[in-house]
Amino acid sequence: MDSLSSATAESFRLLFSGDVELWIIIFTSFSVSVRAILIAAPIAFVVAFLMAHLRYPGRRAMIAGFSALQSIPAVVIGLTVYLVFSRSGPLGDLKLLFTHTSMIIGQILLSFPLLVALSHSAFQAADRRVWETSVTLGAKPYRAFFTLIHEIRFGLIAAFIAGFGRIIAEVGCSMMAGGNILGYTRNIPTAIALETTKGEFAQAIALGIVLLAMALILNGLLAFFQGRGVMSS
Amino acid sequence: MDSLSSATAESFRLLFSGDVELWIIIFTSFSVSVRAILIAAPIAFVVAFLMAHLRYPGRRAMIAGFSALQSIPAVVIGLTVYLVFSRSGPLGDLKLLFTHTSMIIGQILLSFPLLVALSHSAFQAADRRVWETSVTLGAKPYRAFFTLIHEIRFGLIAAFIAGFGRIIAEVGCSMMAGGNILGYTRNIPTAIALETTKGEFAQAIALGIVLLAMALILNGLLAFFQGRGVMSS
Amino acid sequence: DQSQVIRMATTTSTENSGLFAVIKPVIEQKLEIRLHVIAVGTGKALELGRRGDVDVVLVHAKPAEQSFVDAGYGVARHEIMYNDFIIVGPGDDPAGVKGLRDAEQAFTNIAENQALFVSRGDDSGTHKKELSIWEQTGNKPDGSWYRQVGQGMGKTLQIAGEMQAYTLVDRGTWLAYRENTPLKLLVTDGADLRNPYGIIAVSPERFPDTQYEAAEHLINWFKSESAHTLIAGYRINGEQLFYPTN
Amino acid sequence: MSAGIQYQSISKTVHGKKLFEINNISVKEHDCIALCGCNGAGKSTLLRIMAGLEIPDSMTVTFDGNKLSWKKARKYLQNQVIYLHQQPYLFDRSVTDNIAYGLRQRKLPIQEISRKVSEAMEWAGISHLQMRNARELSGGERQRVAFARARILSPRLLLLDEPMTNMDSHGREQTQGMIKMLKDDGVSILLATHEYHTVAHLCNERMFLEDGILNKEKISPESDARKIIPYG
Amino acid sequence: MSAGIQYQSISKTVHGKKLFEINNISVKEHDCIALCGCNGAGKSTLLRIMAGLEIPDSMTVTFDGNKLSWKKARKYLQNQVIYLHQQPYLFDRSVTDNIAYGLRQRKLPIQEISRKVSEAMEWAGISHLQMRNARELSGGERQRVAFARARILSPRLLLLDEPMTNMDSHGREQTQGMIKMLKDDGVSILLATHEYHTVAHLCNERMFLEDGILNKEKISPESDARKIIPYG
């Protein structure tokens, strides 16, 4: 119990000491993951929408595929990114390994199946009158799509948050594709992993609390913008 | 390119060599994660249901809280489990550290916020006539609850699969709470992490493929049982 | 099975060297125990010991081990074997360290040339060794040429390979990786590059339910003749990795 | 003291505005009461409160001689009173399963359930739909399923929210016939409707909900019941 | 060649069963056609196909002298024809935003939108609801919003699926008045209804959908249009 509470106390002390290195780590974490989710989510929503609205052969297999792809460990995705961007890899010449770009690519890949699977289930559950009503009222398909998005926004926001949670918290891919380089590609989860291997559990928990606090703020903002919904009937 | 394709080829060779050690690792992975999700999901569904149906102060804060808790890295949860079950921790006397039990507890904690947040969004989106209709037709609350579950099963299954994907693929918590002990608590993700640190990328990818294959089978089964849904209108 | 379980915390590099795959079955059979090996970073291995979660630790960070014992967490440090560190780097060797037999000189050259250097930066035994060499040179490594990656030895080596940078590595990891890295072995056999491994039983006074007796048996086994033969006989690609300490 | 139900001092506020304040509604066995009122008057809300599905600001319920607060009566209301939604919700199951739903909750023997279900389906003219998923049905088909699903339970009080909506002329006649049958069985019926003329001949009382006030008008079976009042 | 629309050889199969096979439906300017048929006859399906919302087995469409396959006509239909669902769907927004929806798609100037919207709300008797979320409305209020939302767009052809459902007597009269106005403006109207008698005086043609066959009956304005045929 003792170490637990002292670790927590220590973590709060660290939080407010305004350490520059700590803030670079926090910034890296959010800058990378926010960019990744902002790229991944719109594409995933479109793919999920098409999967829900079109009838084509292999559709059900595709749905099952995206569901299963959620089970790929982050480190395997990181490994793939690594092998592709490694000097001896096919895209080695781009020199993207151990940069924010390779981390973003890894996190996009990591969140994509989750985003597709969850938003697909939201699109699937949508009342088909939403689409029909907006189309018959003269909305162009892309406008009808946005109307649909608005009607099922709670499900999509939940998917978005889950996707963000997945990548802001993941360590395997950032470690492998980013390299955990101090002052550059080190983010909160890799820093936590490092503190843990060092046996510095207090530091690790401190960073976990920082992450949680930032996530709470982000979620608060999202909740604020999404407003309150009224159930359909 | 070369290393990538040779690693993949090697991985397939390993897959079919029927290595006993490999199968213990696979078994550990699924036995732990399946038990964890089977404990976590029902509780999460009930909590999410109550959050969606009751009006009480602090409800919105609770929803935001569960959303944010998804951002806690697995290793932080693993660390917490470790500190609690460590010999010098409050529950050290139970001697649960580095066992399947501590891994299961960690994975329950890890999947719980995700399960609650996602199933809450499914319950929230449910037509309130579902509940009213079953109640007025004489269903006891727990039966009405199951009827509701059935009506929104696609959303709940999506949440379940996402939760399972999260824990079957996570490494930080299993590593910390399980110890990655060969022949005992080593599971697929920790084995992958180990192979990666050794530079044995082929092995790592092979294990990733095993995991993906098993996940595909599981998802196929689920898809088979869930049947096809007809959209409401 | 019902046999007694001994938990040993050790460093990832030790486990990754493959040594345990050879000696673990022998130990389990000889001592009629089950050995659970928990391979983690040096810092974490010692922390596991400090918290009483393992019965014995096997690491390579002499000063840290000594303070572990001095603080009463461990009974005594037994040095059981050693290997050595080497300095590797890009084949074109921009800092000109090839052939040196002195780590201090090599580091000085690297710093003067501002050649890329990758540090593990994880408080591991290797990292501590690296820091102690920097200290001897009197230069504090600083600047964009000095990159701390905070990862295990294997990963660090991979990253150094990708960056065409220098790094300090233990010979075991080097032997396991050298086929897959573009880096070359540049500095070896320096007197300041020795890497001793110590084994410590966790103090039964602090943690009464620790498996102290079995841990002592284990330590004694490591000091036995048959253990020495096994350790000395362990080879990767025909090269000896560990040298038993007598 | 019959098997009827009395509701006292029902009031409900919506969006800070008082929707209605009603002293007394008394429903006796064999009663068939029409509830009229313009759109948004609060008819559906009133029925939902009476069925124990919505929380009133205040209400007491008397049945079998017991006077209960709304909170205590809620469970009883949910069990004995059935509310049929204005736009009925059908479960994502077969038509048969939808109709059997209430009987299954009551744990009746399987044979009896299946006998009653086929009877009800025959009655509602939907036997040909039995294996269809209820979600695929047309508007009128849904209404019939919902009606059969409620009828099969022979509740003490049946609250129908515009039951003839979406039904074709044949369905309307059937519904009227069924209301009559239920009435004769002793079931009390209260129905909200905008087409009073179509049910006038069945009703013994008519209530108007207007500006939050409930006005009642008894109807003697012979007098004006057959007079067609244009679309109530 | 007027601004009318002709539909040729419409057929639709559902669950392997032919639902209907129709040679020709021709809707001219100023037309008001009633579509009758029992529950499940396929009225809603037909209207949805005519609006370009559902895929028929076969169909061609002729308008402004062009003969198009269904696929090619789809976009045109979706733009020029408005279908009002039997159970209208209101977006989870305010009543005003719901009604303005179609005009916003057409990128009209804001002032014009707001002018038209208040006009339409006034007309539909829902001005007091304007800032309310559409999801909270009563059944009849919803119906009115949906009607106002369609009317405001002055489509070429308006397909109404039981438009008077859930409306109180005042609303029914208003709807009838509005149909008349739209007719006079040149909008063609086709409405599915089970209450033909309430709209008979507006219609110049009546169609029956029965066993997959469409029968038509022209109605001369003076003759039987005012005769009440009991509930359609």
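A few notes on this one:
Residue numbering begins at 1 within each chain, and the chains themselves are lettered A, B, C, D and E in the order written.
Assume a residue touches a chain if its C-beta (ideal position, glycine included) is under 8 Å from a C-beta of that chain, and two chains touch if they have at least 3 such contacts.
Fair warning: this is a prediction, and the values are worked out from it, not measured in the lab.
The most distant chain from subunit D is C, comparing centres defined as mean Cα coordinates. The greatest number of inter-chain C-beta pairs in contact is found between A-B. Separation between the centroids of subunit B and subunit C, computed from CA atoms only, is 35 Å.
If you average the Cα atoms of subunit B and of subunit D, the two centres end up 45 Å apart. For the pair subunit A and subunit B, the distance between C-alpha centroids works out to 17 Å.
In subunit E, 87 are the positions where the chain touches two or more neighbouring chains simultaneously.
Residue positions of subunit C with contacts to 2 or more other chains are 51, 151-152, 155.
Taken residue by residue, subunit A touches two or more other chains at 3, 86, 127, 129, 176, 193, 196, 201, 229, 231-233, whereas all remaining positions touch fewer. Contacts from subunit D toward subunit E in the complex involve residues 15, 37-40, 42-45, 86-87, 132, 137-141, 143-144, 161-162, 165-172, 194, 198, 230-232.
Those residues of subunit E that touch subunit A in the shared complex are 48, 51-53, 78-79, 81-83, 85, 87-89, 91-93, 101-102, 105-106, 133, 135-136, 149-150, 153.
By the touch rule above, subunit C contacts subunit B in their complex via residues 7, 12, 15-16, 36-39, 51-53, 151-155, 157-158, 176-177, 180, 207, 209. Put simply, subunit B touches subunit C in their complex at residues 82, 86-89, 92, 97-98, 179-182, 184, 194, 196-199.
Interface of subunit B with subunit D (complex): residues 127, 129-130, 132-140, 143, 147, 150-151, 229-233.
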